[in-house]
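A, B, C and D label the chains in the order they appear, each numbered from 1.
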Amino acid sequence: MATRRHPVSGEEQAPGDRFAATRALTLELASPLSDADATIQPFPDASPAKWHLAHTTWFFETFVLRDRVRGYRLFDEAYPYLFNSYYEGEGTRHPRPKRGMLSRPSLDEIRKYRAHVDDAVLRALSSFGPAELELVELGINHEQQHQELFLTDILATLAENPLEPAYRHREERSDAAIQSGLPRSARNDGWLEGRTGIVEIGAQAEGFAFDHERPRHRALLEPHEIASTPVTNAEWDEFIADRGYRTATLWLSEGWDWVLREQVERPLYWRDDTTHFTLAGRIERDPAAPVCHVSYFEADAFARWAGMRLPREEEWESAAEAGDPASGQQLDEAGAVVPAPKTGFFGGVWEWTQSAFASYSGFKTAAGTIGEYNGKFMSGQIVLRGASCATPRSHSRVSYRNFFPPHARWQFTGLRLARDS
Amino acid sequence: MATRRHPVSGEEQAPGDRFAATRALTLELASPLSDADATIQPFPDASPAKWHLAHTTWFFETFVLRDRVRGYRLFDEAYPYLFNSYYEGEGTRHPRPKRGMLSRPSLDEIRKYRAHVDDAVLRALSSFGPAELELVELGINHEQQHQELFLTDILATLAENPLEPAYRHREERSDAAIQSGLPRSARNDGWLEGRTGIVEIGAQAEGFAFDHERPRHRALLEPHEIASTPVTNAEWDEFIADRGYRTATLWLSEGWDWVLREQVERPLYWRDDTTHFTLAGRIERDPAAPVCHVSYFEADAFARWAGMRLPREEEWESAAEAGDPASGQQLDEAGAVVPAPKTGFFGGVWEWTQSAFASYSGFKTAAGTIGEYNGKFMSGQIVLRGASCATPRSHSRVSYRNFFPPHARWQFTGLRLARDS
Amino acid sequence: MATRRHPVSGEEQAPGDRFAATRALTLELASPLSDADATIQPFPDASPAKWHLAHTTWFFETFVLRDRVRGYRLFDEAYPYLFNSYYEGEGTRHPRPKRGMLSRPSLDEIRKYRAHVDDAVLRALSSFGPAELELVELGINHEQQHQELFLTDILATLAENPLEPAYRHREERSDAAIQSGLPRSARNDGWLEGRTGIVEIGAQAEGFAFDHERPRHRALLEPHEIASTPVTNAEWDEFIADRGYRTATLWLSEGWDWVLREQVERPLYWRDDTTHFTLAGRIERDPAAPVCHVSYFEADAFARWAGMRLPREEEWESAAEAGDPASGQQLDEAGAVVPAPKTGFFGGVWEWTQSAFASYSGFKTAAGTIGEYNGKFMSGQIVLRGASCATPRSHSRVSYRNFFPPHARWQFTGLRLARDS
Amino acid sequence: MATRRHPVSGEEQAPGDRFAATRALTLELASPLSDADATIQPFPDASPAKWHLAHTTWFFETFVLRDRVRGYRLFDEAYPYLFNSYYEGEGTRHPRPKRGMLSRPSLDEIRKYRAHVDDAVLRALSSFGPAELELVELGINHEQQHQELFLTDILATLAENPLEPAYRHREERSDAAIQSGLPRSARNDGWLEGRTGIVEIGAQAEGFAFDHERPRHRALLEPHEIASTPVTNAEWDEFIADRGYRTATLWLSEGWDWVLREQVERPLYWRDDTTHFTLAGRIERDPAAPVCHVSYFEADAFARWAGMRLPREEEWESAAEAGDPASGQQLDEAGAVVPAPKTGFFGGVWEWTQSAFASYSGFKTAAGTIGEYNGKFMSGQIVLRGASCATPRSHSRVSYRNFFPPHARWQFTGLRLARDS
């Protein structure tokens, strides 16, 4: 199936083109799904594919059209209740664990909703000032986040099916596209020397970034080294063989409770000694590819087993500044992505850091409902850095902060080691 | 929408006609559903519509084709795992609470499965002896049970949707068709005098009946009376107005715990003072119609509030012998059935008795896997008698024993009062 | 330790003597316990020993002294809230699962409460008319029930302790005292022929009995036989050896779910191949003694494994009429009772029947709060018949109906087989 | 009741005196308790008083006597299983949620255990080298932690009792003893200017400190101010009056879920508009005293409501260096402590910071089982700083890091505000 290529460098595009391309990619992602596929919610923290299509549309309809375009009328008065995710400021909403109960509206009806909103945004675009354009840009970035969630959630959905259906057939990608972004400073032993002393991290004041990436601020780094490549499937096999999942003293206390309670003994989608379930169905694992679908608890235990530690997020960002956020294996078009061998800091898998998700010095929450976007999740979550094979390429930044609870495994999550020096 | 009329008197039909008609009705029931509608499992005790279509087919494929037709090849080797319900003798199976995780096979694929099995059964039918024909008859009755569950489960599914979608539009039925079956012995005061002394109940040895309706055996009845009509919505309004759901001493201890835990304050699908959600969407309640979607706990509390009791199942059966099991509001064709005012013992709503589901004296479990059909549920369940508006008309018998746990409400369940005399 | 002998035949005693003897036995039962022993609640359905001492006292204080003795003043205004068990008519009460949170009042304080109430009852006794004396008799029977619960709950408490402490040392009892009550009609093959046709069961109108044993009424028995002895530990060993706990098809559906969920593989207090934990600590099992601490689910599965069934309660009562309710191993004095080999219908272990607990024809709930005593538990429970080694001897009657949920195992519960003939 | 005064400055004492004084204080803490009081476990994260007495003794017995004193024999072979808390390296142990099931050993037996171990430690002390003395010091500090937990857990236990029993009667303390430790730099407006730039925090290499307080390392502070006093009960009343517990947008997402699920509407032990339950029973709240028994979620919501934030732990430590860790309201003797008005950084209540509990740069886990002491809890917990009214005075350090999950409220936990400047 032919899919259109997604533009790599978003910021250079006209807003309308970038909006249209983003919206089109989401539709492409949904194209192999049946109405039933798009309706299932595999567990309460994941959402149905259809819901992602509708919620991203609701975001534009609410914060751009309803709030900023005089005379706009809602596509359906019932949709705000159904497709608001977590914005308390927007009133009551359908309970999250019940998202899988909605066979109506159908996938086709949601496509009509999308077309209606796309049309209204594109017609209004020429009249927009900077504030409105900033909201459109936020909506685009919001939709890109949901493109990745779309893929991780449909993977979780299909993984529940004993028939092991594939989302799509996998198209092999050239290594050239993937293997890039390795900082030139990498030593022969596979380690990079980290910067020491006061550095600056966080997003610059100019250009798009989420609120929690700001302000750019100073951080103090002690001498350390950081691995030039993430931990691989082959290395994870060694951890298992050495009874890593059976050795309590390697684990955080919460992590060990989790291992026992959930009877964890391997990464989430590993099915036997050599295969894993992927968007391309059940396939052989590539030993050289980064291990994927591991929790923070697993990443932390692996690092302890290896006698090392996970990097702090300021160490990671400081080291990654030498890389190109648009490099590596990221999402360029709709496809059955599977992490490929990786050398740089971006693409393939998100990397767990050892940093709890917290506000930067001087962080200010945005005013109004949009202020709920990130700030209210600053407890119980761990920062991940980089980008994965499911991250739209133009979405990545060196200052990007992803975050998930320490037990979460259904994202494309791996790890990179660090050590004091 | 035009639907074919379902034959009233099953036993007189040729087996092939009866098989075909039953299989056709199931398809008609599914015709208004999208693939997504048919995929949702609203709660663990209910099943997706698609699953009912497949499971009833698996039943014929397994016990008739696989076991009795030489050379039959399974439609799909994976289906027995997916569509076995609870037969331990048939090996491991997909966990019941996960039935809503199956977007594949699609509804269309299941229709192909049905056609494949229908064809094989019909081709083999002429060669069948009595044992095989008995299994076909069991499969037909099994499918009729699932036709009712199909309707109650799709009602539960649509009831979860804040959009309140209708399964179908309701077609008004003539009262003539519904109001029948009232025993001539009913007195002017609405009570029937029950039989006293030793009576016989249970199914005769001849003809089709489920194992737990047998053997026909003697029972001893003390003097009692039984109401000629079930309790109505109007009467239930009085119970609520008199603080029935707030008065602990009216309730069984288990029932009161359930009321508090589930915050129960009215029948399951009542939405406000005058409406309820039905297969026809949200509509006004008919005050004269039997109250429906109440649990045993509610039925028992109502009877205590009224100073009476529920009938024992032997009292019910003895009284109902004067009625015609093919009478009353039962399922003749696919439609948005809603209980209508009722006078006799059959149709409209199932009626909770006060009898725990137990084996009759002399009960013998059938040999083999089929023996798991009913016997293993003889704990924690209460017998219901009669038939409902969703029971296929040719499925009903005076000896019929339906059973559900005392808190269940998603079936078409109501009650009829009794009292000692 | 010397303990006083409890009078065997209660009805012949003067009410004051019977009251005093019952109250004294309860204190004797508590004498080996520390304040801490008496405070623990091992699980929500069991109660602390101290609570039993206080609740039985509250029963007399409330229904006899407060309601019937002019000028009586409560020992402590806070106690009704703490020690009401489940009487909705008596207002709010301390939540049942929180009974183990009460280190105060202390065991000694509860003893003072008992002395206060005993004194008031004994002083008032001479002025009591029949209605009051009936309430005293009810209170005595109520306390006797709690004497048995006291023992089963303290056994459950001590069983939680890895140190395996004994409640008391066991004193061996003469076989003569225990082996009695076997109906003369027992055949050589160990089976009794049951009565057939219409029989009468239930308590006579005269004399003390609980409300749910009444009215005496007719029942219809079909031809059957009933075993003359209960199932023994040795027989249960065979069931285990034959993979009884691993064979799904032997079990009720609810029972099999319970086996898997609770990982049940032997009776509750069996600790290894030959020992069990008892009130006398961990000791060797007697192969000839009746199996004890099995649930209804286990009893039912054993019967199915043996190709038989459990008796119905009317069969049991009809057969047991030939026996003496005061015979067999029952509680005569405070001691570490352990079921001994048993031949008759009474003593040793309670026997699961196949009858769900339900009202008899013509049952009337008593007026007022006392009406909550039994009637509201008539759902989800199974009738047990006979008496156990922990039942106060004068408490037993042939019409006695004990009842527990089908998964309960912490009572002294065993089984006797029956079969159609 | 006269109690001995506990020495203020531990480090200057001879090890034997310090050991004896610490052990004696624990016994004094237990002196008002009955065996039953000491047995109850109010919830799984809290422990029975008796268990604290035994576990602290097990710590000395295991890591000092068993490991370091030749020929020492365990007091009881069963105790390690019962009284190991969470050290995986020490083998299996009694499940934490079952600690309240142990009426045996009795409180008196545990006192004998303590005396046995005390005697052995004191006899061996003269022969100890530095490594052993370090373990003794660790054991003393460990026991001091449990002295505080003893008080918070017995408060939780007594709070479960509707009788509202007091642990002890409260003895009023002079304000002079409590109001101290306020840094001279406090401005008239009640705010302290924080230090800016690179500071050093963490424990020096010399002297006792827990592993997670080390190494001393550099931190970078941005301009900020910190309040000179903690938030008071009076201020919390304003938060409630302003619908703080009803305003979703003030809360972290996890916190709001917690508020709804637990129906939180005031600090843990507040009983009505003016009283709270304390170790001295139910008393009037002091409006000027620091608010206590609030979770991190509540502290964070209050700070957001006030338009400020919680301090980071490096800000707190840097500001508190000017104070005296031995000042303020801390535990000098066994008594019914209740937080009093407070000005400095130490005593009264622990103060939530906004820092997730994590390792310092260069942190090394201790070798062996002792390494499990703190490091394995570095997920899901928040750092608290200072000391409370229940912290033994000699136990406090400016580098001290206490930590609890964000929902925990049964410790003496309050908050102090901070803001960027």
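General remarks:
Basically, a contact is a pair of C-beta atoms (placed from the backbone, for glycine too) under 8 Å apart; a residue touches a chain by one contact, two chains touch by 3 or more.
Quick caveat, the model's predicted, so the values are computed rather than measured.
The minimum number of touch steps linking subunit A to subunit C comes to 2. When chain centres are defined as mean Cα coordinates, B lies farthest from subunit D. The centroid of the Cα atoms in subunit A and the matching centroid in subunit B are 47 Å apart. Annotation: 60 Å between the Cα-based centres of subunit B and subunit D.
Averaging Cα coordinates per chain places subunit A and subunit D 39 Å apart. In subunit C, no position touches at least two other chains. Per the touch definition, subunit D reaches subunit C in the complex via residues 34-40, 42, 78, 81-82, 94, 98, 100-107, 157, 160-163, 165.
The touching residues of subunit C, counted against subunit B in their complex, run 86, 88-89, 198, 217-220, 222, 248-249, 251-256, 296-297, 300, 309, 354-356, 358-359, 361-362, 372, 376-380, 406, 420.
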